[in-house]
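Which chain is which? They are A, B, C and D, in the order written, and residues in each are numbered from 1.
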Amino acid sequence: MDGYQHKVQYYETDQMGIVHHSNYIRWMEEARVDFLDRIGWDYKKLEESGLFSPVTSVSCRYRRSTGFSDCIRIYVKVEEFKGVKLKLSYKMKNQNDVLVCEASSEHCFQDASGRIVNIKKQCELFYEALMENYSEKE
Amino acid sequence: MDGYQHKVQYYETDQMGIVHHSNYIRWMEEARVDFLDRIGWDYKKLEESGLFSPVTSVSCRYRRSTGFSDCIRIYVKVEEFKGVKLKLSYKMKNQNDVLVCEASSEHCFQDASGRIVNIKKQCELFYEALMENYSEKE
Amino acid sequence: MDGYQHKVQYYETDQMGIVHHSNYIRWMEEARVDFLDRIGWDYKKLEESGLFSPVTSVSCRYRRSTGFSDCIRIYVKVEEFKGVKLKLSYKMKNQNDVLVCEASSEHCFQDASGRIVNIKKQCELFYEALMENYSEKE
Amino acid sequence: MDGYQHKVQYYETDQMGIVHHSNYIRWMEEARVDFLDRIGWDYKKLEESGLFSPVTSVSCRYRRSTGFSDCIRIYVKVEEFKGVKLKLSYKMKNQNDVLVCEASSEHCFQDASGRIVNIKKQCELFYEALMENYSEKE
């Protein structure tokens, strides 16, 4: 799957002259939203079908700094998923194809009342769509 | 009334080495929340009593740049209010008492169904609390 | 000139369920950066040629709320410019072509030492490129 | 050492009605800036003495959601430091003393030319000040 593309904005820089590290967490969300969109299970569809998916952890390793007007490509994969805890991995590369950041995030799924949902059992089609992008596949 | 105090954060700077101008809009909100708190009508109380108050306009004139770890004082006043459209004004000063920004914002009030509420008629105590801080008073 | 396109991100929403009003100020910057790019005078070129352009004021009138995954088109025009103070105007429309926000920003130009630069006199080509997009032209 | 205090702002919430997870990364920076301040080595002093300290990784585990106007206390400790790679840990608690987030960040130190600095060897007083807050001490 092609990477999601983010153009670095001026307001994302800080006084070190580089992108502030907190923005990568937001780019992960952008790429995740795009990823779910591409596999046919966009956020709106999830929320409309009563599924909420809070982020339970994030982790980010910064390899190279990035700067204003850089064009970042973000590649999302399913790292681990048995139905309850979804772990995604992210690789971010700049316009010169240099790896700038490696990251991961974990998510669970809840219904409107806050109960944990097992996607494998209760939403099989979504489970299968996710596992199509399981990282070991490649 | 004393000003609301905001300490400038590193993540609020940009690559020009100064605070990014979009943050002042957020500081206005911080000061407004604090202002409503002080006059006894905090956001939570408003939302719990079914009142929503969307921002309908903002305006900001930047007088001096501010930088990391500056301590900004923000003074809020009621500029105009007859019950429907609330106009607030803001003066921001740095730690050396230099005026750094003058701003204003406009707000309306809605009930849960989105209908416009006339605060003077429907929420008189809140109207009076606001008018205690009418700018012409000073 | 076609509008600049911004897809609304999840992290731009607030607990009212709509886009937080401070983000429009950032979208104005995105559209401005794109505008300068299109007329051949991108930020990097300006900064490399020793020109800095601080924002001296912004103003935003919110017409309709916007929400997650909305696609906003932003149209930038030169509203006023005689060489020193550049005033830009912005019209933002959603995917249904509904006007959601009208805004303006003012900018001056400085050299590296902070001195005000008259663009009409000192950077004529840039002045002409800007005036190609003067709003009265249409 | 007492925790650093952060009052949750309205603009930090998202449409789930809770604080957007990216903000915790910013709070870590706020607490870190405050921590360095308290031990006598604030960011400005570091940058003025030619030391830059990029973030090389962050990691955040969200235990409970937080919401608008919550008051978060953040406790910073030195988790690992031998002079080159500084690892800090963070514990965040809400106003009811409930643990809401556990996090860590890693940092290196560079001089103005980008060379890695060994703090233990080249800036012994700073090293000692940090090690006063080594987590195993408690």
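To be clear about the criterion, contacts are C-beta pairs under 8 Å (C-beta built on N, C-alpha and C of every residue); 3 or more make two chains touch, one makes a residue touch a chain.
Computed from a prediction, not measured in an experiment: that's the story for all the values here.
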* Structure fact -> Outermost chain relative to chain C, judged by CA means, is D
* To do: Between A-B and B-C, flag the pair that has more C-beta pairs in contact.
  => B-C
* Asked: So, what's the distance in Å between the C-alpha centres of chain C and chain A?
  -> 29
* Using CA atom averages as chain centres, what separation in Å is found between chain A and chain B? -> 35
* Centroid spacing, where centroids are CA-atom means, of chain B and chain C in whole angstrom -> 24
* Considering chain C alone, which of its residues make contact with at least two other chains? -> 10-11, 16, 18, 22, 26, 29, 68
* Report the residues of chain D in contact with chain C in the complex, numbered from low to high. => 10-11, 13-18, 20, 22, 67-68
* Structure fact -> In the complex, the residues of chain B that touch chain D are 9-11, 26, 29-30, 33, 42-44, 68-69
* Could you please specify the touching residues of chain A with respect to chain D in the complex? => 16, 18, 21-22, 25-26, 29, 52, 54-62, 65
